[in-house]
């Protein structure tokens, strides 16, 4: 490795660690959240340095984009942090043993991880790629070799939506006055681009980095932006249609998985001649559904069905 | 050439590390948000330069995603964290 | 020759990034900082994009670079105005000598 | 440079994990706990991907695991934030 | 008899709950018939699977047709099947109880009723996926499904106390997940596989990477299983949740995390279970047994007593580790599994009955519970039977389980652990006896007019308690200490 690369990595990782510490311990809560968001940005760069552009894409859209927005929105709804002065001093004193413990723990962990041979499954994946139905190894692992993980993970996301919606109504229902016409104008420019790039990433997923997750996250970002600019969930969409859009991805996934049982003799097996098309269907359904689910997570509650007669 | 790109990326990273001081110092939330903006733009530039160094085309997609999402944080910030006229919302609770 | 020009553009861009940071750190209030930062950054990124576009020889790539720059211009300008408005609305007075 | 490849990343991942778990235990504010948790998770993700790189070919399986993990982390974070907001509103 | 193949049954068990939950959520209504039909179908599938395993023994299924280490395997083991059966019984009972408990369609109860069923089915699906999984990372995702569903269920009533308990539970659960994931990363870094069987054949017990990985996996699961001293979140979460939720959480969710520890330490990590590791885990168990038992004795609220009893009972279950260090492991594993199944049935029955009694009495305080009269007597009967099973009186399932463990302790000459087991049983006897004494001898009249107790609020608890009592007779037959379980240790 060239010394410039090493210096770059060192500075990058050092900044990440500092930002992580700030993100947890900064005195002001807003400062903590902003630090954490910057930490996310740098993490995406770190993924690039680790030759993992897929993860960088997901981190850029999910980690840095939506998580940041979610945190900022949460922050706006919390009161000021209450912490007695007594407690703060006590915390500083109690830091020392923790620091020692942390140092020892970090050293041990580092020593262990350095000793790991890391054989990995790279060769096995390469060997199986011809039968995978897609060109991108990561997509092949996600939607074919380990598709069961991905299905459950979409289940986790749907579950998160159900959990959040069970807590109450949506939090975006109340909106403050729009600041400047600049915002809706911006959204009008950006929204088509969001949709376009969503489909671009979905299409890319078959060949290279991209796929359902970043695509869904971009779609969600576009929808959230529109909501923030004053758009409402359309009346016609509320209730069952929205719920179906939220749950549809998991349902499609389940159908394809169980269909494999009947068509190819094993759960989640794709018949070889249809593998690519089936994976594409799953990917598109998952991507769109992820977009809607992430928006639903941002909504924080179910958009209420407005009764007729009321405006 | 690769070294030139890498050196450029390193320069930007150092630049942004210095700018972090503004996040720490504040004083207002707007200042902190502003440094967040700088970070976003710089990250796009860093990714572009890394693309130059490695030639991995996917990095341009990452940069594109960053550029699209740059507005996201600020819009959430002015609409949710720091709204102009905080309305009395009921916290989305069931009445 | 074209390569050379690209390199010069990139270096210029880097310098503009630096000037933006100097402004962010040295200027007295949020409005002046906004002013310094948004202009310097947008220009700087444009220069870097242009430099890379000169280095690249593929039309699609150049188009993508242009798109990235346009996006940053649009969102940068809007976001700066949004932050400025929010700061004003919250009673932060512009700095006066 | 005599460091084995990936040393810096492994060091950072160990530090992030330590900062995260420490913050999770010591911080009182719930939002900080959630942030700390995310930091620790990122540390583990870094470890996974760094390990996936030391073989002869880049191993896509850790990449897939981390992608799955990011989505899971985001979902759980969203639920945690929703709970925090509800709790704050019901402060006695 | 011609049953569907094991593969089909497993697919039904893991996908039907998810599909039904999605349907219920999307339709936005609460068609009880659909839920109950799904629950019934799942129970029948679990029973059929139990029969198949009884005939065929262990079976392995490749998902997507991909062989490990590239693909993911399902492994249907006897111990996993026992857990699947317990899950089905508790799941069905809870669904019926829930349908009777959240009666009103309007107001907060209507909201709870609407959300309860999808979440319940999700938790069920996550549990089923867990009990057949044989892959470290797949287990992580399944654990997250289970945890998130449980958290949402705890927060169901949206009261402040419930939200607080849910938040604490979520943080503890995620803390466990992160540490578990660290263990997965370390083991993957060492061996490059995630599959249990592959791991078992490759494992080198002396190497630092594997040791650190094993420690991390265990600590993560200890947090999720609420083993002392990481039990702090459990009493609040289980004591404050709605009764059917507490039954699911105490009976199954905690047991699932514990079952994974069994699965790991008797499976891929079996080579590492030496004297030190076993003793350490056993000491933690003894601590939990004592701490949970004493606190259960001190509780004044019915559901909190039952919740602390869970802490104590899982301390008892931890004693399988020191007993399995040397000697024949199969009977110890059988004992541990049966203990979990017994606990699942009895504890779920106890929580369901407790919910009914609290509703009948209008108070949670033990001193103000209604006595052995009217329809409440059926709930009391369930409490008595469940207590007998938890204490381990013959012929309950608890007795069979404890008998297997006692035998192991005697053959190994582990007199200390024997003493701990006897002490724990006495402690269980003490707090459950105190409950019965306080409540039955000192019964309050209860509110008038007395609330209506429908059969849906009485029958599930009674049936679960009865099952815990009678299956003990049959458990010895089920080849549990014989051949079938010897095949349980993959790779050996």
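We just call them A, B, C, D and E in the order they show up, numbering each chain from 1.
Definition applied: contacts are C-beta pairs under 8 Å (C-beta built on N, C-alpha and C of every residue); 3 or more make two chains touch, one makes a residue touch a chain.
Fair warning: this is a prediction, and the values are worked out from it, not measured in the lab.
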item: A-C or B-C - the one linked by more C-beta pairs in contact; value: B-C
item: Remotest chain, chain E as reference, centres from CA atoms; value: C
item: Separation of mean Cα positions, chain E and chain A [Å, integer]; value: 31
item: Centroid spacing, where centroids are CA-atom means, of chain A and chain D in whole angstrom; value: 13
item: Centroid spacing, where centroids are CA-atom means, of chain A and chain B in whole angstrom; value: 17
item: Interface hub residues of chain A, defined as touching at least two other chains; value: 51, 54, 66, 75, 77, 109, 113, 116-121, 125, 146, 149, 153, 156, 159-160, 163, 167-168, 171, 179, 183, 186, 190, 193, 300-301
item: Contacts with two or more other chains, residues of chain E listed in rising order; value: 111, 137, 141, 144, 148, 151-152, 155, 158, 186, 188-189, 192
item: Per-residue overlap in chain D, given as positions that touch at least 2 other chains; value: 17, 20, 47, 51, 55, 59, 61-62, 65, 68, 72, 75-76, 79, 83-86, 89
item: Complex interface listing, chain D residues touching chain E; value: 17, 20-21, 24, 30, 33-34, 37, 40-41, 44, 47-48, 51, 55, 59, 61-62, 65, 68-69, 72, 75-76, 79-80, 83-84, 86-87, 90, 92
item: Complex contacts: residues of chain A adjacent to chain C; value: 179-180, 182-183, 185-186, 189-190, 193
item: Complex contact set, residues of chain C against chain A; value: 71, 74-75, 78, 81-82, 85-86, 89
item: For the chain B and chain C complex, residues of the former touching the latter; value: 4, 8, 11-12, 15-16, 18-19, 21-22, 28, 30-31, 33-35, 37-38, 41-42, 44-45, 48-49, 51-52, 57, 60, 63-64, 67-68, 70-71, 74-75, 77-78, 82, 84-85
item: Of chain A, residues touching chain E in the complex; value: 108-109, 111-113, 115-121, 124-125, 128, 144-149, 152-153, 155-156, 158-160, 162-163, 165-168, 239-240, 243-244, 246-248, 250-251, 254, 257-258, 260-261, 264-270
